[in-house]
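There are two complexes below, and they share chain A, which is joined by chain B in the first and by chain C in the second.
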Partner chain A sequence: MTAKTVHKNLGLSEISWRSSLGVTKTVLIARFKIVLRYKGAIVFDMILPVILAALPILLGVAIAGQAAAQNFEDATGTENYKLYMLIGASTFIVVTLMLWLVGYWIRREMETGTLESVYASPAKRVEVLSGVTLYALIRSLMAFAFAMVVGSFIFQVDLFQGEMALALAFVVIGIIPLWGISFAFGALILKVKEADSLIQVMQWVVAFFMGIFFPITVFPPFLRYVALSFPPTWMTNGVRASLLDVAYFFGTWYLDLAVLLAFAAVLPLVGYTVFLRTERRIKKNEGVGQF
Partner chain B sequence: MTMSEPIIAIENISKTFTSKERGKGRKRKKKVEALKDVSLEIFDGEVFGLLGPNGAGKTTLIKCLTTLLLPTSGTAWINGFNLQKEENKVRASIGCMLMGERGLYWKLTGRENLDYFGALYYIPKNVRRERIDYLVDLLELSDFVDRTVETYSSGQKMILAFAKSLINDAPILFLDEPTVTMDVHAARNLRSIVRSLNKEGHTIIYTTHLMAEADELCDRVAIIDRGEIIALGPPSELKSSIPQESVVDVEGVIPESARNRIVEIPGIRTAVVKDETNGKTMLGIICDNSRRVLPKIIDVLVEEDAIIEYISPQEVTLEDVFIAKTGRSLSIDTREIVTPKDAGK
Partner chain C sequence: MSKKTIVEFSRYPLSFGAIFLQIFLMVLMFMFAVFAFSSPTQALDSFEDASLSGWAEDPLSHVGEGEFYRVLTGPYGDEPSMVTFLNLTDPAHSYGVEKNPEGVSDWSAFKQIQIGLYSSSGTTADVSIQLKGDSGENGTWWESDIVGFGGGQDTLVFNITDFGGENSTLESVDSLSIRFQNADNGTIVYVTQIDMVLTPQGARLAGVMMYGFVIFIFLSFILWEVGFSIREEQFRGTLESLYLSPANKFSNLISRVFAIFMWITVIASIALVVVSNIAGGLPLNNVALAFLILFLTVSGILGMAFFVAGLTIRIKESAALLVNFLQFFFMIFCAAFFPFRALPSVVVDYVSRWIPVSYGVDAFRSVLIGLPEGYPELLPFEAEMVVVVLFGILSPLLGYLYYRHSEKKARIQGTLGEY
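Our next item is the complex of A and B:
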């Protein structure tokens, strides 16, 4: 026995490219509308990296004798510790916003029940997720640019040195694998319902491993490999190396960039697959309405 | 209204939840069979009621049919599409209101919410705008539709959630207890809109645990209990399965001893506490012939010092159908159950 009657209605028309993009656009715009209605939210993530960078910089100014500066240069290859810290803090905010915004989105939508409403609609997962990650991307790039510019004024460092274009390439390509990681992270949040503390712990673990304030070369070998398996480490170092006299991990810029490109090619697909699998497993049991 | 072909065909759907049970240090896996091999056909153009007490499996069934949960086994055909193989077509064929006022963006206005979900159904922007204007008129949303949802009253959120379920003008509508937090007036209003949508040709699946609501609204109802359908048919037909004059309601202060003795009276099938407030009890008694047993019931009540405020043979309701089938009351599932079998022990 099958139900034969087929009714047409508004949602059953052919799906065009435009309406597909329309989903992504709608989700993106809604995200911005919502965040702008929370006062101060966006300003906060622009200021945070500046404050974050200020801590080690002020510390450096306070205690850096000649020996300390020499030490820093020996370890990193540059004595420009201010820009070094500023880059670290600014790329950190990119990473943290990419993970946090996607994770927080899923968490919040589960709580309010809107995730279930989204799931009940025929919109494809990838279109909705694209809207959300695009939003995260725009916010993190805005925060990155703002922090770098304002930071350079406050700490009086010159951004216009070294290879600017290359530094930008490291940022842009470095963000793509973050998409993949954010999908996988989202899946984790679907699964582990107590996500708030998870997000916070993850943030600092990530900050530690990607070397926001120090070169990962000071790590013992094992930790160094852990750090190297995490794409943002390559992004941070790439930006530093192209602007300052910091060494590339593989000696040349194109090898480092190639590694980042490889991450960018693989991780989004992996992350998306993990997300779909997790979602299916959850629907087999309690569904996304429970939290 | 034409009731021709099935627009929904449910084939042997079962759903088992596995959850961790916490407590006393150990975690154990616990299984709940929320649906047990449910098969059902719902016809094009009918208002179909799912009636059952708390925890019966109504929401679970609806979540399975709206693709929010995967059934453990079984399948269904909805608007000609297979539940598991054509998920997105199924989703496009239905509108649903599942969790009352939840599922809305509080920081967006009502209109922005409707527009957002409209886009998720791939409705072109200009069509969306017209549709929203139409819904604002139909549901009288104009007073608040341009405010953010966080400022809404509970009833306003409900009606917006209802509007959301109508955004894609779907042939099939799933409404899970849509009136549950509404006042009497708003609930009546919603039911009348449901009826007019049905007249326009929409098929409606409506869950409730209010038998009067199901009785009034639905062409057919399925009574569901513990994951199984225990009765199915038009309300009038279900009610006529119980002979006229076989239901007696007693209200007052009724000691337990009286209840235990009443069920032992020959000709009485079951007696269930339908409601209990401020020490007063409403006892529903199902018997073979109320005229014959009424004097005996009164005798027992008098002997047991009950205070009778009201006693009368009743019209059969859907709740009586439920009581007759299960020996339990619909409204409150933790009711004390008194049946002849238990009473003997």
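Our next item is the complex of A and C:
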């Protein structure tokens, strides 16, 4: 009782779930306050998938003319190539923003010299990182939803065909492993530091392996296995298969969803562990402030 | 200053690799997208429809529907054995040219023929193919180079190099023959596969895509490098120090692109070679003129980059957004990866035609693909050249003037060092 009184008199607050949530909420609000100063960035995130989807659509029409739909159906199983590309590009923005925003946050804090201050505060790392990843999640989902709606108007495609609820389930569950991947990516940025190059390359690596413009069946076997070990590939294909006549990897939606759930159960823990280990090693050596 | 950027650049080897990988992945991604839209190989697999004739007709038998043919090799009198597939242009057949995306019997669309052979007895043979047509003089035909078959299972690739070109009089094809020479007499070879590798309108579209891509990567990286390096100087607080030095401002700006310019040239060349190999050769004509157009277009792009640098001084953090936006804007509206005809005409008329870079892209690729009918797409070639020359000369001047204006304004307001 005495200890508690002394504790309170010193102005220290106890660490409770509420204070933990407070940290996450504060980080989240801070991120949004900063980005809202650059409204164009948010708009750009939302338009980018539409632009990305437009490129292969225009390319395909230029190549195949009126046979575009037929040829595309022969290759992928659906003739609705516009929605196929739109789904690919929209899920890509979710993945890339999750990586970009987390990676760039760490890099910026390093460059501006505030990462050490964050470490010096009593807030737990997981709370701060949750705030940042939650911010990335909200921003990426906003971009996803906006791009799908605007893209459906521009490309004149019907979003509400197939199993919309199932498609949303693939998106929601597919985001959980992304959380883990973004932690691991953050660890990589801490270690390598050259965030710009890494992020730029990772964007295209991700886009390539998750098959934003084509089915991964066109890959040779080795690349196909690499693509299948990457959760966003399952998310993209799941959404496509739910809305279009594209096959699930395992033939049925529940098996594909089960794989995604397995990723969701494992990857966040793995990612966070990797982050903590990397961070500990860096703190022991050069310190997190070095950039 | 150039030295500094090169040294700075080489201090981050990861950046070298990153740029290379990024461009390589972009190319691969678009190529896979292209594959998804085209029927890259069209198999002559409906064997039940194939009509057969020739010296090898008797010993040839149909082994199961859609499977393979058996050919008894060896000379028949003075002639080598040969198997012929007839009526290729007959619309009743499921193979042939009726699936050509353009809907015309354009055999020049086929760039390659792949013949799968199998021999259990280890028979070797020199194999060639003949395409025969009924147009022009009687008996017009095209014959491939001889390709060696080493026994076992193999796919022989016959590149149709001059077919449909100046040296060929063949306009349509009725039959395809496979000739076996220098084979052991009386041994059996199975024809397991005949694929026509289709590249719509030949390598032209691959050229349009890749040459447009070359201009695009120059544009993208120059805009980033010039615009963003100014931002970085602002961010690190070294921009003001630079202004205190007696260095020429123009040299200061232009020197920033040297390292990236050299690296992009290397990467673009590698990308072109790789794609050329995959696509079975890209058209390459008027190289000197193309280099001139590239030089003028890059000069014009430099002017745009100066403009972006001027804007960066004013808009600061939003510069990244601006450059990002510009990249995609030019990618779409300058039709970097596709012909202009793929864009809605209203977009071409009201947007693309008003962007000078469009003329650079159009002229550059049209020249390289040999100015075929329909290219350039925006204006007659001479008129496009006028635009390209004016763009190459005026854009750096105007861009630099704008940069100096922004810089002067920032110095008066005392915001140069602000970030």
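As a convention for this text, the second predicted complex is superposed on the first by the 271 of 291 C-alpha atoms of A that agree within 3 Å, B and C clash if a C-alpha of one lies under 4 Å from a C-alpha of the other, contacts with A are read in each partner's own complex, and residues count from 1 in each chain.
Note that in this section a residue touches a chain if its C-beta (ideal position, glycine included) is under 8 Å from a C-beta of that chain, and two chains touch if they have at least 3 such contacts.
Predicted model only: the values in this text are computed from it and were never measured.
When the two structures are aligned on the shared chain, A:Ala54 is found in touch with chain C, with no touch to chain B. Contacts of A:Phe214 after superposition on the shared chain: chain C is touched, whereas chain B is not. Once chain A of one complex is fitted onto chain A of the other, the partner contacts of A:Thr114 are limited to chain B, with no touch recorded for chain C.
After overlaying the two complexes on the shared chain, residue contacts for A:Tyr38 are found with chain B and with chain C alike. In the superposition on chain A, A:Asp74 contacts chain C only, with no contact to chain B.
By the document's definition of touching, of the two partners only chain B reaches A:Ala30; chain C does not.
Chain A residues in contact with chain B (one complex) as well as with chain C (other complex) are 38. Of all the residues in chain C, the ones that touch chain A in their complex are 12, 14-15, 17-19, 21-22, 25-26, 28-30, 32-39, 99, 101-103, 200, 205, 208-209, 235, 317-318, 321, 324-325, 328, 331-332, 335, 337-339, 341-343. Those residues of chain B that touch chain A in the shared complex are 4-9, 11, 17-19, 41, 44, 63, 66-70, 72, 77-81, 88-89, 91-94, 96, 98-99, 102-108, 112, 115-117, 119-125, 127, 131, 148, 164, 167-172. Within the complex formed with chain B, the chain A residues making contact are 1-7, 9-13, 15-16, 18-20, 22-23, 25-27, 30, 33-34, 37-38, 112-114, 116-124, 128, 280, 283-289.
Interface residues of chain A, counted against chain C in their complex, comprise 38, 40-41, 44, 48, 51, 54-56, 58-68, 71-72, 74-76, 81, 111, 192, 194, 196-198, 200-201, 203-205, 207-208, 212-215, 218.
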